Every structure is written in structure tokens, then in C-alpha cells.
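Each of the two complexes below includes chain A, the first together with chain B, the second together with chain C.
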Partner chain A sequence: MTTVVTIETSTAVAPSRGPRGLVWVMLRVHRWALWFWVLLVAVGAGALLFVHGPGTDAAWSEYRAMGCDSPEVGQACDYSGPAISRLGLANSLGGLLNFVPLLAAAWAGGALIGRELENGTAQLAWAQSVSPARWLAAKLAVPAALLVAGTTLLTLLHRLAWSSAAPLRSIVPWREWYDDDIFLANGTLATAHALLGLAVGALAGLLLRRALPALAAAAVGLLVLTQALGSLRPYLWPVETLTQKGMYPPYTGMVLDDGALTSTGARVEDPLCINDTKCLADHDIVGFYRDYHPSSHFWPLQLVETGIVLAVVALAVLAAFRLLRRRTGAAV
Partner chain B sequence: MTATLTATGTTPAGTTPRGPRGLVWSVLRVHRTALVLWGLALTAATAGLIWMYVIADEARRAYLPCSEPVAADGYPSCSSLDAITADDYYSTGIALLTSALTFAIFPVAAWAGGALIGRELESGTALLAWTQSVSPVRWLAAKLAVPAVLLAAGTGALVLLNRWAQTDGNPNVVGDWYGPDVFVGIGPAAVGYVLAGLALGALAGLLVRRTLPAAGAGFASSLVLYLVLDHFRKDLWPKADRSQAGELELPRSAWQVDWNATWGRYPGEGTPRFTSATFHPRSHFWPLQLVETGILLAVAATATLAAFWLLRRRTP
Partner chain C sequence: MTETAIEAAALGKRFGRRRKRALDGCAFQLPAGRICAVVGPNGAGKSTLLSLAAGLLHPSDGTITVLGQAPAAAREQVAYVAQDKPLHPQLTVADTLRFGRELNQRRWDDRVAERIVAEGDLDPDAKIRTLSGGQRTRVALALALGKRPELLLLDEPMADLDPLARHQLMATLMADAAERGTTVVMSSHVVAELEGACDHLLLLGAGRVRLAGPLDDLLAAHRLVTGRADAGLDPHTVVESRTTGRQLTALVRPEGPLDDTWQSTVPTLEELVLAHLRAPEAPALRLDSVPEAAV
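Take a look at the complex of A and B:
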């Protein structure tokens, strides 16, 4: 609390260089959060660069040394060596990107908005020459800019690491393009979700006006929203269908649904005849189908979902400003 | 803040006729939101686990051997078993509740650091309480004892209910006993985790003396504890070894820690000449659980002692 008060006075002394006014206040009050963010981005970026370069090379040569790349792969490949474990660890550190939205929500609800309203330092700021709307705008804009910069950097590095680890994907626990965390980290969604965390946190802080309840509500709210938005994902772009006579088409991409086809082309549930021809004939099964998203649907799916998430962000920010205006009753 | 003042200020004097009194009552009253949330979580988990027990037999039927089309050998038809949906609900429900028990330490530690101790020291309500007839040591003892009793009782009951709802513990249905999300939620270690989280959070609160940093420190320290124990869990009890010529297959319920094969001329081709494995058999579940619980209780005790020592040094 003491720090915050000091800061309000030190703005009057106007620093000679660097950011001024509200932006400077923001950076100064939340300097610990700033350092934490810099550290997190640095650790994530370092891990991803390691995966992109030396990590993958070392794991690859270890893999060869174990004789795993011979055409007939034996059981020895079940064994994971130290280089492969290191690569797995680096991958999970690179996956820190997936926790950014939750951290952003908790921080924005607790430290950014809730604490200031609980302590009354926000009211103090409004009594200075800062209007509530400008105060909230600065509170949202500065972290948003930093979040966008950091997540964009991590996303780009994640794409780089993802592409260079392609031949190793069968041995390290590094999965398919449509797995939740990979899908998020490889595109624009990581940034959109980080902004969603910030907006949800700010709204929770303004609604509850107390640090800890706002922190908890923001974290829970973000988890619920993320789950709900993620469950929409497969339906955001038309699926492709593979059909094949007599047996299932190959399993590829993000599979949504599969089953059997009758001679009229109707989709029915697979009666599980396997290879029993009489059973197949009894059920009038002539082929099988599979609905899926090929990897070429990555960007359409990614962009549609990003658009939806950004719309939710805009709604939350709008609601936050309206709430603030109603509370303070000031002409903005 | 108003609530805190009312609770600590007036109640001990204006004696309540029934129920808990004094410090215990004030701890329950100040943290009534947390109390209500904990009660709701326990109720929901209990209801969920009773439901899981009800559908347990139906869920297990989905894993029976089957044949298609129905043959004379008496196996049920595969499509009838495929139509059972209870196994999805059951496996998901059990997994959800077991991981919730595993991860309960994190919200507990954040709450203990932030709301239980940090906020009171930051806003000065703790200092106010100490000027009443409550000594700092008694204040901290009440702050720790009341949540500890409620947390231990609730978590312990949920673990027992979870084991009851898992019936035979078939790993195909409820997951392998050694899985990182499974192990903690089916034994006394779950109680050890929440108590360690409470003590670490309280220590963080006394060290940092500010709400949000204390919540963050409590969360971070419990995360470190969780990751360290998760990493070293396999070393908490001597492992069993088995080696034999040719291939070696361990039973399903064994937790394989290491596996080595000696090959002939061409590694990876055919069968190995010699295979050795290091593993924990199913019977190591209880020794592993008890050692881990012991470590957690030791961490909780150390953190509690450190908290009292710190409080003594801070206050005259």
C-alpha cells in the first residue's frame, strides 16, 4: 500500500526520460508482475530455442545410437535416454504459454483492479487529474501491449520448434497439431486467450472490488470460458469426409465422428461385425465413413476461433467500462 | 474488512449462547465464504461419488469380453456393450474427483497465504486482534487449527468415499494406481497434501505479510513441493527387480520404473537375449503412500513451527 501512495506523488516529479504519466505509473506499481512476465517469456523462449536446435539434434542422435531408426523397430526404442528426457522437459517449459491466460486473469482480477479498489488507491488516483475511464484504459492497454508482445514471440518460437521436431514426434511426448495445448500455442489463439484472461480478470475485479474474491472468480471464470470456447472448436469449419468400401478409411487428422454406411448411403452406427460378411450383409453395410479436419484446416479453425475469442474480449472490456461509468457516475 | 472488525471486536464479549465460541467462532465467521465454498465442494463431491458408486457395476459391464455376432459361447454382443454409456461417465467422474483431491493443495495454500494470514497482517486486523485478549500465539493457533480440522476431515472422508466408489479398482476403468493424478487421491497422502498446503501458505503469509504476494508465494511453494514429490515418488520405497532370458512382461498392475534389454548382434531385432526390469508391484502402494504422507506431515510440522517461531520474533 505504501508503494502505491509513493508512486502517486512521484508522478508529479515527472521523470525526465522514458514513459510518463499513467503508463509510467502502471509499470512502476506493477513492476514485480513486469519482471515475472519478462522472466516467464525468457524461460519459455529459451526452452523453445533449445527444442528447435541442440535439443532435437541430441535426441535424434541418441535415437539413432539406440538403433531405433532401423526399418524393423525393436523394443529397445521403448527406452528413453537422457537427451530425450531433456527434450521432453524443454517441451513442457515451452508449454508455459498455455498457463499465461490463467495467470493473466488471476493477476488482473487480484492485483491490477481488485486490490486498487479495495485499498482505495483507485479512488485516490481518480481524485488526481486522472478520470476513471482513462485510469481503466491505461490499466488495460499497458498489460495488453506487453501480453501481445510476449505471446506473439512465444508463438513464433513454438511454431519454429514444432516444425523442427517433426521427425521426432513419435518418440517424445509431443503430440498432434489438434491437441488443445499445441493448437493454442501454434497460432493466434495464444494471444487471444491471454487478452481474454486480462479482460475477464479486469471485469471480475470491477464487479467484486476486492482482491482475493476477484482473483478466485477471474480464475474460475476464465477456466469455464476456455472450456466452453474450446468445446466449440471442431464445429467452426466444415468437416471433410472420407469413405471407403469394406473397411474404415485411414485415421488421420482431428477425427470428429465415424461409422458405417448402408447401400443407400445412410449413416448408421457400426454394428461391429468386423470381418463377418454375413453380419455385414444382414445390416446392409457396404462401407465406412470418417468425418475429420485435415491439418490444412488449421488456419481456418484457428482464425474463426480467434475472432470469437476477441469478440468475447471486446464484450468483457465494454462491460467493464460501462460498469465503471455506472459506479463512478462521472461524465467520461 | 467490516466483517473482520465485527467478528474479532465484539463477539468474544457478547457471548453467543450456542455453538463454537471465541476464537474458533471468529475464525469461522471471518472466513465464512471459504467455509461455505468448502462445504459446497464437499457436498458436490460426495453426491458425485455416490452417483459413481451407483453406476459402477454398469460401467464395468462395458469392459467384459464380447463377441459379434452373438455366438453360442455365451459372451454378450459387442454392440450391446458398446451402447453402454455409463463407463464414460464413470471413468470421467472418478478421474475428475481423484485429480481434484490431488490438486486441492494449490487453492488451499493460496487461500492460507492470502486470505487467512496475509490479508489480516496487511490490513492490520491481526494487530487489532492482538490488542484484545488474544495473544499472537493463540491467534495463529486458532487460525491453523480450525481450517486444519475441517480440511483433514473433509479430505479424509472424500478419500474413503473415493475408494468405496472405485469398488474393485479395475485399472482399465479407474486408471492405474501409480498414475500421477491417481496415486494421491486414493490414499492418506491426500490429507497430508492439504495440511502441508495450509502450513506452507500460513508461513508464506507471515513471511510476506501482504495479501496477493502471500497468495502467490503459498501457491508457488506448494507447486514446488508437489513437483518434487511427484518426481521422487518412485524412490520412496525400495524397488523390486526381475530379470530373465528372452522377453519379459510385467503384470498390468506393476509400476515399471526401468527396463533394459541385452541384445544379440542386431539391437532391436527379434527377441532380446536378456531382459531386466525395475518396478513397484501393486503391494508397494501402502508403503509408498505412508512414506509420502510422513514426508508431507513433516513438511507441515516444520512449516508450522517456523511460522510460530517467526511470529514470536516479530511480536514482543
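Take a look at the complex of A and C:
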């Protein structure tokens, strides 16, 4: 027994610190992608921290210095200045989060999978003691972990910046919670979409087996999917309806539909009578309605859409594994 | 210890529905411990066969077993070097060897791999992308031998090596294989590079097995004969014959004692292979002890 142990230790490699096996290979082979991601997260986080703290403070003092907060100036104040421009710029850097899914798709299709199948380095890995399925698992798991960590951090910082900029939004024309990019960056969707990019890219890479076509297909595929999923968004949770007699109810939240109501309560197209009472009477218009999502629907909408996106991710990953298995035979 | 290194039955591989089969009904058996040459013209299916044995492709028809198991299950005991020697260009030589160590944790031997790299005077810190084709081949072979395989599959291993490096690497390979009883399967279309190194032959043509068996037996089953052009060669199987003036030279498979009118010699490997390449219609011959007859 002792001899066996000695033989094994003499041939086995002394355990080195740090990641081993496929994880080491992933981090080493895609070292530049890793650094790029770290840099991107750092830039995004820095910008969002700036919005959260000094950026907003500077905008406020600029606002006060221009006298916009005094009652005499009030609404007439045309507020613009370097501080608010800087804040806007920082905000858009924070919005880089919205490009992460596209970057992930292009990278996964091109560099992660497509190029390796094109130049044979994928087959090189499978010719070691690693099955194609384990190879693909590592190819997906390591970037997924890094994407989840990075996007979660950026989402949390985006929420922080969003809340601290709230008072400013009431004064300066600003973004709304339901704008596509804000909606994505403020919740779980940013992470889900990043994973969608990775999965779509990996599937495109496996299907096309060449770097450039896979890169293009992954980018186009992701954009189409994102558009399709985004167009479903308003219907993922029951809407609320406001009605008011004689005039339109206030415009609030994510408005989906509005129009006129007859005396029977039927919804009809607004005949555009404005204040012409005869016209209103002719059309039997007694009130107006508006269907909308209040901001309290943010999380229900966010979570239902996240669930759908993650289901699509799961399907793409499953398809990728099945495709690989069919090509290379039984995976062990 | 498994007796059979590779066994194929009715093995076929087709890439895409409309294209011709790369392999079609291949059957052969390779005993363990042999150095097997896989020869054939370009497009004969040599690379496809090696990829199937390495578990990188799935056969369309038939079966292939490697070391008594499915190729995917034997992955750990098999090393494979692809024809274009793919390596990660952005890795250094040392990192490429670490790649092998990390992905073959139960088998890897640093000393073997490092020796092969050192014999080529390669700087461990050189990036793969800066190496010449021959140097990359050396690193790819170091990666394959560092795994300590029981079966080594080499696709055109020596193609871009200079004669000295080829000679030296071949010697290293053969010494290592002899010492450890490794089965080596090596494809090539340069027959001269295989002469003297191999003891088993698999000749492929148009996706089919044309010759299979121990090299000595295959050579012994053939005769290169010369004689007068009007003399008959019945009942022997004529693989290929050429007439120059009134003289006829032929490679035959004697079906009994040869007539005294014929001058006959045992062919060399090169003569055997060339005659079969020139005569793609010649019947197949299998001497590798599998019950089913040749197709």
C-alpha cells in the first residue's frame, strides 16, 4: 500500500494553489476577456457611484447656484450646466449594463465556442481526459459565474444611483422606471439577459462552428430575442385602469392604452371632441379610461420576465448540450 | 490489459446528407502493442477514422471500440494529435504543457512532456503563435506523450518537420512506445516515413479498407513478379500489372506456387502501397484475424 502511494505522489503534480483543471484552462485561455470584463464592471461601477454621490450633489449645488430653487424662478428655470452634463454622461456609462448581453453573445459565439471549433482547440481539449460535455459545462459555468457577479453588482449600484437621483428627476426631465434600459438595469433582468447572451452565443458557436458567422448570428439572434421578449413585457402582469368622467385621468406610469367610455361603459376610440359637449353627447361619451402599470408593478413585471428569459436560457443550454452530444457521441 | 486496441465493424461516417461517405463499411482489428500505419490517398478517410477512434466524432453507421470500450469512455487512455496540430496560440509553451497537466490530472507526466520540448530547444516562455510549424508539432506531440496514453493516434504527425527533427522525434516516439507497450496509429501519405517503424498496416481507399493486417503477413502474401508479357498469371490475383515492351511487371497475390517462368521477389512496403494506390479496383485483403471476410 505504501509503495503505491509513493508511486502516485511521485508522478502526480504537487497541488498548486488557485484554480485547477478546466477552470484554470478557461481563465488562462480567455484571460483578456476576463480583464476586459473586470475593466467594464469597474468603469460602470465607478460611474454609478459617481451618480450616487458627488455627481448628484454637484448637480444640486449647481441647480441652487443658478437660483432655480427660488420660488420666483421656479418652473421657468432652464436648468443646464457642466455638473448636470457630467451626471448625464456618468448615467449613460452606468447604462453600459444594457450592452452586456450583446457583448456576451458576440464573445460567446465568436471567441468562446466558434473559434475553438474552427481552429480545432476544442477538439484538443476533448482529446485530453475531458469529455465534450464537461468542456461545454466549464465553458458556460465560468463565464456565467463572472457575468452574474458583475451584473448583480452593477444592478445594485444602478438601483442605488437611481434612488439617490430621484429628487433630481422631479425637476430635470429625466428617465422613467419603465424605459427599456432603466427597467433592465434596475432589476434581475440585467443578469438574466447577460446569461441569455452567453447561452445564445454558445448555441450559435456550436451550430455554425466558425468564429465570425457565429459572432454575427449570436448578435442578431440576441437582438431578435430581446425585441420579442421586450414586446411581451406589458402583458406579463394584469394592468390597472383609471377612469374619469368628462376628462382623461392623469398620465402616470407605463401607459398601454387609453380612450373614451360610453354610457354603457364600452370602450370606444376617442372621437377627439376636446371640449365640444355636443360632439361628446353625439358620441355618447361620458368619460375616459387609461390602462397602465403603476410603478408598484415593477417587481411583478420584472420577475415574470426574468423567469421567461431564464427559461429561454435553459432551452438554449439544453439545445447546446444535445447538439454537442449528437456530434461527438455519448458524453461521459 | 486489453488485447485489441481498435476494432471497427461496418464503420461509416457521412458529413452532411448529400455528401459522399468519408468512411463506408470499414472493418478491421488492430491488436494492442502494434505500430500501425494508416495509409491511403488524400480523402481516403484517414483523418475521419482517427477522429472517430479519438471520440471526437460520432459514427454514422457501425461501431468502433477502442481498448475494449466506446471511444468516449476510453478518452483518458487515448492521445490524439490532429493533422493541423491545433494549440492555443496565445498560450506559452509552458502554459500549453500545464494545459495538458490540468486536463489529464490522473495521467500526466511532466518529465516526458518537458523532455520532448527541451529536445527541440524550445523556450518555455515562447508564445505558441511565434513557433514554426515544426516546433508546434513538437509541442503537440509533447502534449500527447505527456498524457502517457495506451493508444496514441497521430494524424500526419511528421509532415512539417525537417528531416533531422523527424528522425529524432520518430526515435523518441518509438522508444517510448516500445518501453511502455503503447499502441501507435499513425497516418501518412509519405510511405517512406513509415518504413522500418511500423509492424501493422491499414490501407484505406475511398473510405474503405483495402489492406489490413500485420505488415510481414501482408508482404508475404504478395509477390512482385516480372516475366514475358504473353505469359498468363492465372490463377493468381493480380493487383496491378504494367507492360514495358514485351516485359510485364505485376504485383500478385499468389494462389499457389508461382510458375518458374516468373522472377519473383517479396515487395517492399512502398511497392505494396503504390501498387494498391495505382489500382483502386484491386480486391481488398484482410489478414487481421477477424472472422468476417473482407467486404
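One rule holds in what follows: the second predicted complex is superposed on the first by the 303 of 332 C-alpha atoms of A that agree within 3 Å, B and C clash if a C-alpha of one lies under 4 Å from a C-alpha of the other, contacts with A are read in each partner's own complex, and residues count from 1 in each chain.
Here is the rule we use: contacts are C-beta pairs under 8 Å (C-beta built on N, C-alpha and C of every residue); 3 or more make two chains touch, one makes a residue touch a chain.
Keep in mind it's a predicted model, so treat the numbers as computed, not measured.
Undergrad: Examine A:Thr306 and indicate which partner it touches, taking first as chain B and second as chain C; both and neither are also allowed.
TA: A:Thr306 sits against neither chain B nor chain C.
Undergrad: By the touch definition at the top of the document, which applies to A:Asn98: first (chain B), second (chain C), both, or neither?
TA: neither
Undergrad: Classify the contacts of A:Val25 with the two partner chains as first (chain B alone), second (chain C alone), both, or neither.
TA: Second partner only.
Undergrad: If we overlay the two complexes on their shared chain A, which of chain B and chain C does A:Leu212 touch? Say first, second, both or neither.
TA: first
Undergrad: So in the superposed three-chain picture, is A:Ser164 touching just chain B, just chain C, both, or none of them (first/second/both/neither)?
TA: In the superposed model, A:Ser164 contacts neither chain B nor chain C.
Undergrad: Is A:Thr152 touching anything from chain B or chain C once the two structures are fitted on A? First, second, both or neither.
TA: A:Thr152 contacts neither chain B nor chain C.
Undergrad: Determine where on chain A the residues touched by chain B overlap those touched by chain C, and list them.
TA: 32
Undergrad: Under the stated contact criterion, what part of chain B meets chain A in this complex?
TA: Counting only chain B, the residues touching chain A are 33, 68-69, 78-79, 82, 107, 111, 114-115, 119, 122, 211-213, 215, 247, 259-261, 263, 266-270, 272.
Undergrad: Where on chain A is chain C touching in the complex?
TA: Result: residues 11-13, 20-22, 24-25, 28-29, 31-32, 119-121, 123-131, 326-332 of chain A touch chain C.
Undergrad: Which residues of chain C touch chain A in the complex?
TA: Touch list, chain C to chain A: 51, 54-59, 70-73, 75-76, 78-82, 84, 86-88, 90-91, 95, 98-110, 143-144, 147.
Undergrad: Touching chain B in the complex: which residues of chain A?
TA: Result: residues 1, 32, 66-68, 70, 72-79, 110-111, 115, 211-213, 215-216, 269-274, 276, 279 of chain A touch chain B.
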